[in-house]
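Below are structures written as structure tokens.
In what comes next, subunit A is part of two complexes: it sits with subunit B in the first one and with subunit C in the second one.
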Partner chain A sequence: MVNAVARRSQWQRPLEAVFLPVAALLVALLIFGLFCALAGADPIAVYGSIYKAAFGRWSAWQNTLIRASPLMLTALCTALPARLGLVIIGNEGALVMGGLAATTVGLGLGTAVSPMVVKLAMMLAGMAAGGLWIMLAGALRHYRGVNETISSLLLNYIAIALLNHLVEGPMRDASFVTKPSSAQLDPAILLGTIPGTRVHVGLIYGLIVCLLAYILIQRTTFGFAARTAGGNIRAARIAGLPVGKLTLAVCFLGGSAAGLAGMVEVAAVQKRINESLVSNYGYAGILVAFVSRHNPLATVLVAILLGGILASGGILQRAHDLPDATVLVFQGIVFLCVLFSDSFYGKLPWFQEQVEV
Partner chain B sequence: MANRRPLYFSRRQIMRGLLATTAFGAATKLSACAPAADETTDVAAEGTAAADSETIVGFIYVGPKDDFGYNQAHAEGALAMAAVPGIKIIEEASVPETSAVLETMRSMIEIDGATVLFPTSFGYFDPYMLELAAEFPEVQFFHAGGLYQDGVHTKNVGSYIGYNEEAQYVAGVIAGHMSKSGKLGFVAAKPIPQVLRNINGFTLGAKSINPAITTQVIFTGDWALPVKEAEATNSMVDQGIDVITCHVDSPKVVMETAEKRGIFSVGYHANQGPLAPTGYLTGAEWDWSSIYTSLGEQFVAGKTLMAGDIPNLLRGGLADNFCKLSPYGAAVTAEAAADADAAKEQLIKGELVIYEGELSDNQGKAILSAGEKYEQQAIELESMDWLVDGVKGSIDG
Partner chain C sequence: MAAESLGWWGVPLGILAGTLRGSAPFLFVSLGECITEKSGKINLGLEGTLLMGAMSAYGVSYLTQDVVGAFWAPWLGVLAAGIAGMLLGAIHGWLSQQPRVNDVATGIAMIILGSGLAFFLGKPFIQPQAPQLFTFDWGSWSSTPQLQAALKVSPLFLLGVAIAPLLQWFFRATRWGLYVRAVGDSPQAALAMGISIFKVRMASIMAGSFLAGIGGACLSLYYPGVWTERISSGQGLMAVALVIFARWNPIQCLWASMLFGGAQAIGPAFQSVGVDSYYYLFNAAPYILTLVIMIVTCSPQQTLAGSPGALGKEDV
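Right after this comes the complex of A and B.
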């Protein structure tokens, strides 16, 4: 009997983590269907279109993955510090700083050394810049007690202002008239696409970094120390954990993930840096981090889900004459439902160990 | 344990719920599949039909279609094109200038079967539109803003742009008449040539009436920053400026703020008259309807950029109906209206050249000496990086 109970609890507990988000998603679809019906569109046809545009065929999948790859990286900027109990929302700023540093290095080195080395240098510069940016928020928190949420938010504005200043002044390429931008990076040092697809290699970086982050947080002593400090900072101090160093290190790692996203966006998509770099990847990353409950592996799935929702935004307008904000409504409903479903964890008895039996 | 469960579900309820959810899911899924399958055949059927009768044209906007500004002007034009028999338009609004616009264009081509695309925002051009134009040589790409360069870009890329500074010049004539303080204001987004041409055209129009007049320009730094636009407008009113105009994506905020502060306003992109019934003088509007209708008719007739039937660089001013002026507001005096109409007439006939020597920029550097002039088509104007004498402000921000 005990054996049977134990065995059942083994498969029931993980099931809860699958069942709740899926159920939340279905509820969200139902509510969104109602919304579409009110807006005068046929909900069933809308569901069909969303599926077709986001996951219906290989080309649609690629669309989804292209949109998802920066989100995986920017989400870690919130997810990692969150395990330490910090709410960091400086993703956009770290992304911008990463992009700026990568562009500076890329333009500076040009083709002086081998493209491989330049790419590596750009990557490291992007990660270092993004990391230091968020580490600043972590340091303010640890040494001066400044609220890290507010300071990281304000750091976003500083980073964006710096970007605008540089592309309109010192870094500006006057021959490019479309918008104030830096000079173009040499084609040799741009990142390519994954062979056979139009998805840039940033997706692979995202997957690798999320996997590494998962291992770091869940499977190493460093991660354990960080989670302990996140659970109870006093207990962690009493246990002799170096809370300050942990804070700085975790903030650095989170920021460097977002910085890498900035580097990828510049080197794979935009080819030069300008204000288009600020297009909500950072803020969307915050959403992804919270919905994935700060689990780096879940981040990958949630990013793909959000990518799919964004990819389907166009077809809602084109095929169903719904307004352009519809996709935001859909996104909002999905994330509210998923976040609300959080409150059911541990409250559905069917998923619990049933020792009474 | 039991009292720590505010929410209790019995096993039976769970089972029932699960069954219901599954049933709902299955029903949704299955019924969704059926129409979707029909739709694919529909699309396929439409696709083949389109080959002989219907041309599908895709329009992409960077913001909402009802922004009282840039996007609305294009959306109104698209609507006019949709009225051409044999044209079907598909639209997508609020598409950012990132890889998102690449995906939108690709979906329009691959899923909807569009053969002509109008990515209307200035920033879509390079690299996004150029990349896709190279990938889909059989699809025509039209972009607002004379950036096409022969020999540099592929044959399926077309640029079209109106010399809206002609309309700005005429609006400037009215502003020059109506301003009592001799101080005009211009809220601008970014110091790019298109914007600078408008500032200079407006100022030169006003100076043709009152040579001592000045235009204070404030660059907000971006196309849509409503708060900064309102701040700029308010600070200009505080400086004694009494006619204000702008070049931002949506002039709505500037017009409304000017109206509230009781000064005159001159619109841009579309007609903002309804937003400022008392102070609205006129506005430099795009007239995309006429150009889009004519392009639509050419598409239906089977003309393409690639075959050379449609010029890759389409441009024109008031004479070619690329731009127009909003109906003059009630406040405009008969004298101002008469001078404005005269200037308009001269521009249409080609008797008036806006940039004529002797002309210097606002830092004292000579641009044109006496007797020299830049005709509207002059290539030098495309890379304008100066503000004419009489403009207060600098392009360095």
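Right after this comes the complex of A and C.
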């Protein structure tokens, strides 16, 4: 009997963690359908369009995956520090700093050395810049008690201002007139696509980094220490854990993932740096992190889902005459529903251990 | 041109003008956030509230101008902005008080939802010109056009200036003010007094969001006086930092807002005299200022003086 209870509780917990977000998503779809109906569109047709534009055909899948790869990376910028109990929302800033550093290195090295080395250098520069940017927020938190949410938010604005300053001034390529931008990166040092697809290799980076992050958090001593400190910081201190070092390291890792996303966006999509780099991948990453409950593996799935939603923005406008902000409304509804579903953990009797009398 | 004839005087004048014009949205959102945080909850979603307020104010002003005339239409807009803000506040107030729901995360979700709704519903209002609020032209004695423009003061700004001391009095001297402070400082004691924590926080968040909505109306009906999707430069987000800077004191919110309004005008003021090589870095001044202030005033050992005791803590 005891054995049966134990076995049941083993799969009940994970089942609850899957059931609640899925239920939240369905409720969100329902509310969004109501919203579309109020706006004069046929909800069923809208669902159909979103599905077709996101996952309907292979080419739609490719669009979705292209959008999902930066989201996986920026989500880690919130998800990793969250395991330590920190709410970091500086994803956009870290992405911008990563893109800036990668572009600077890419333009500086050019084709002086082998493209392989340049790409690696760009990657490392992007990760270092993004990592240090978020580590600053972590350091301010640890050493000065500055709220990390607010400071990382302010750092977003400062990074974007820095980007605008650099592309309007020192880095500006005068021959490119469409909008103030840097010079174009040499085609040899751009990231290629996965063979047989239009999807750039950034997707592979995203998958690898998410897997590494999962192993780091769930399977290593370091991750265990971070989770312990996140659970109870005083207990962690008493246990002798180096809370300060953990804070800095985890923030650096989170920021470097977002920095890598910036490098990928520059080297695979934009090809030069300008204000288009600020395209809400950072803020959408926060959403991905919370919906996946800060689990790096779930992040991959949620990023693909949100990538699909983002990819369907155009068709909503063309086929249903809905403004492009519809996608934003949908994201907001999903986010709120998922947050609300959090309050049901441990409350639904079906998922609880049955105590035999 | 005219700006050159003023020479370098254009810079302080531009900053003065920016302070009078640009501080009104800061003032309303920071007072709103102040009420919210006094009750022990954080509302990071005021950015969405601000955008929703700006859109509602502009839309209502545009749609009602033929019915009530160009004088009253913007005032209806201001009211609509407040109500729209209050509705968003009700969502935040309810959701952020559910068990295990983080109020910071709820705030981020509300930013996405609020801005999404504002852009969605505001699409038809991007082109047309809505009637604007009247201004007090206190600069008409001067023959300098820049000074005249700088001293066009909005009644909304004056309203905000009046609300600040009123709020101070409300918290210090009234029974309801005491309730809010009790819930924010010591929920257990409030509970023992028989006060409903849920209701007080709900009311505080809704009242705060009402003010933040009006802050949005300042943007779309006074300065810059248009509705676009880029109308806010993060005033709603900075409200949280501003309230920390003002130590949860409404009067100090007033000074802080004026400081931020002025800081925001540094970039454009220098641009007006031909110095524009650091335009974007000057534009980052309010954010850098906030960060520096927080670094200087925060301490890892103790919470800030004036901070509500239950702020950011788990619900009882």
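By our rule, the second predicted complex is superposed on the first by the 355 of 357 C-alpha atoms of A that agree within 3 Å, B and C clash if a C-alpha of one lies under 4 Å from a C-alpha of the other, contacts with A are read in each partner's own complex, and residues count from 1 in each chain.
Quick note on the criterion: a residue touches a chain if its C-beta (ideal position, glycine included) is under 8 Å from a C-beta of that chain, and two chains touch if they have at least 3 such contacts.
Just so we're clear, the structure is a prediction, and the values are computed from it rather than from any experiment.
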Which of the two partners, first being subunit B and second being subunit C, lies in contact with A:V87: first, second, both, or neither? second
By the touch definition at the top of the document, which applies to A:F224: first (subunit B), second (subunit C), both, or neither? neither
Report for A:W58: first if it touches subunit B alone, second if subunit C alone, otherwise both or neither. neither
Identify the partner contact of A:A325: answer first if only subunit B is touched, second if only subunit C is, both if each is, neither if none is. both
Does subunit B (first) or subunit C (second) touch A:N164, or do both, or does neither? both
For subunit A, give the residues common to its interface with subunit B and its interface with subunit C. 164, 168-169, 323-325
List of subunit A residues in touch with subunit C within their complex: 39, 87, 89, 140, 142-147, 149-151, 153-155, 157-158, 161-162, 164-165, 168-169, 283, 286-287, 290, 322-333, 335-336, 339-340, 342-343, 345
Touching subunit A in the complex: which residues of subunit C? 44, 91, 95, 98-102, 104-106, 108-120, 123, 229, 234, 237-238, 240-241, 244, 277-281, 283-284, 287-288, 290-291, 294-295, 298-301
Would you mind writing out the residues of subunit A in touch with subunit B in their complex? 23, 26, 29-30, 42, 44-45, 47-49, 51-53, 59, 63, 66-67, 164, 168-169, 174, 176-180, 265, 269-271, 275-276, 279-280, 310-311, 314-315, 317-319, 323-325, 344, 347-350
Note which residues of subunit B are touching subunit A in the complex, please. 5-9, 11, 14, 21, 24-25, 28, 31-33, 35-36, 39-40, 64-65, 90-100, 103-104, 106-108, 110-112, 122-123, 125-127, 147, 190-193, 221-222, 382-383, 385, 396-397
